[in-house]
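Here it is, the structure, as structure tokens.
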């Protein structure tokens, strides 16, 4: 394993302004997202809609734009913080939430639900099938790796499971290939996106809030866990308990985010990495920053995708994330 | 009461029935050929590797001590440390205070003692191997743990810093702590209070260096012949 | 809070917004006044948005021009829609739309299929639009049922019955012409390895045009399935059915593609041409396809 050179880009006195700055940007993005949509609504109508004075605008704003905005915030926070946890857990800054097969399990569950037609029956079935798939995948990884096994074992089990679940998805796609529309829906979902998110989806995403609250106090332990299991234990961390907590929180965050928004990639890899480059590796700082930074990133990508003519979230996160990341790396000494 | 007691500590394939008791206030060396099990022994003593047999600190069996308290009793320095993330030198050393509620007392003094004050803000994965070894030692010192277990701490250090570390270890021993360190340099080993010799996963001998480092043992355990030539004695000015 | 600041005419940037909003409100007032002066008893206008090509064709056949608010994003594409020419005079939906992109046309009725995303259907209903879902569309009887269903929504049942009557007459006439012909043995080749068998729109075409779909009878393929490349070479294919602008360009891709390049029918150019939209047509317009295919396969029955 090599250490990615991580020098801080921001001088120490500016670091404390990063979180307030991100919060301000998030507020601005929320306003921009309220005003963005296929239905042309002027800011006055949006305001009237918020106050429920204009019934069509109220429906659009309250039933469509607000749930989408909240879903974006929760999904972004979840994927980003799950990525942070995985990077600390596996002691590798290139780790991402999908390593242990959670997101491909969610994808397999969702794909099966779409192909079998359950997804058309009610809008609950698709996210719940994705969660079922994600939970089954995590269970599978733990069984394959045997409880309490080393990180190397877990990683390899995750690789195997990702391959297996990818095969399941491909199989379903090929079996139902005659149903072109269903296949289109499957591919649509696999790209990850936030179209037509409802308050039900926001409800499904609420565990993210609980998981984030549980993650907050783990920051210091994550610092030490990133040194290695023995080192952390010798310094006083209850490693078995903390590893269990980290793994289950990362799983819940990733599973729920995948259930709500499909397979959105890149957020969990890039956002914590960029934040670490900006403010350093202290996890007590990085946990809240990842939550807000992830929300900012996903909401911004969603708005950008809509302004660019309906590009899906998963495409935008990759198109924006990759060049920005390369630019950031070039600036390092 | 011994600060460390290992009774029949066994790790299959790596450590065989080691029974050793280290009294308080001693500077103890652990020597042995490569693969003898020195790192394993230190890990078992630190409670990081489960073993058959018993491990006890100050008479208390390990299993009864909760994790935070363990960290206050014992400090362990690994042979190699890989830092994936660039924590600053100062924050790495401050990690030793985790078991003390993350207060930062003693951190700056220890940095100064190890000559690391100038490097305090540098990311730990951008310093040399020897500097990193001193950071790990500083972190162990900062824990104020009475039982110090160091795995080959001197190997990456230059001659001056080796002597400084031994002087520091001697001070710790004199103030009542026990320092148990593994090393390869037998001439340095001869300046320690006690020496434990491990060979092929078993404890061969435990006693003062003068008694233990006999020509027979050296030939048998290390496969080297010792001759009494005037040796290079290094000292701090 | 920031929202309040946007609405107060504060600062230079916000004045144009205030002016635009004021102007908009004035126009709105004028329009409301006009609408209030409208004759009493005016029918609430029906505005329909169609989300799929199949429902586009139904809507174009049944609805008044003023009732059509928007058609699907493929409605204007002759490769998919049998009424593409007509569809051009109406707005079309964006391809990656969400509920808002449908609602901006102010529909009272939205036509969807059973594969439309459940979230979108829910959102449209929550916005107050009536959503009708079409989930049976494979057979001709299904097409008639769909016509009747839509006509009930639009209040033009008579028009639907007229269309159905005409279709039935044409189908009956076709049946009587084809009564004594030998069934032509055909397949519908594809460039991506899947051919239509039984329970497909192609099968329905064959059933009404005097053709035997070998993919069904010999290949036992149900729906769209992988083509049995080797076995197909032994099939006694009289004729391949291809879709495109003209026969030459439609057949060309298969002349270099295994296994078709080895088929006698392809090598000697025994092919009939269908308009592309007819290969997947699920509305009553498929009757045009029956007639085209029947005439191409059995010209002797039409002299």
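General remarks:
Letters A, B and C mark the chains as written, and numbering starts fresh at 1 in each.
FYI, a contact is a pair of C-beta atoms (placed from the backbone, for glycine too) under 8 Å apart; a residue touches a chain by one contact, two chains touch by 3 or more.
Since this is a predicted model, take the numbers as computed values, not measurements.
The set of chains in contact with subunit A as well as subunit B is empty.
Among the remaining chains, B is positioned farthest from subunit C, on the basis of C-alpha centroids. Chain geometry summary: the mean Cα position of subunit A and that of subunit B are 43 Å apart.
Inter-chain spacing, taken between the CA centroids of subunit B and subunit C, is 79 Å.
The distance from the centre of subunit A to the centre of subunit C, each centre being the mean of the chain's C-alpha atoms, comes to 37 Å. Against subunit A, the residues of subunit C that register as touching in their complex are 2-3, 6-7, 17, 20-21, 24-25, 94-101, 103-104, 113-123, 126-128, 194, 200, 223-225. Residue ranges of subunit B in contact with subunit A, taken from their complex: 43, 46-48, 67-68, 70-72, 74-76, 78, 81-88, 91, 95-96, 98-99, 102, 123, 125-126, 139, 143. On subunit A, the positions that touch subunit C within their shared complex are 27-28, 31, 37-40, 42-44, 47, 50, 56, 59-60, 63-65, 117, 119-123, 125-126, 177-179, 181-182, 185, 195-198, 201, 309-312. Partner subunit B is touched in their complex by these residues of subunit A: 1, 3-7, 91-93, 220, 223-224, 226-228, 230-231, 233-239, 276, 280-282.
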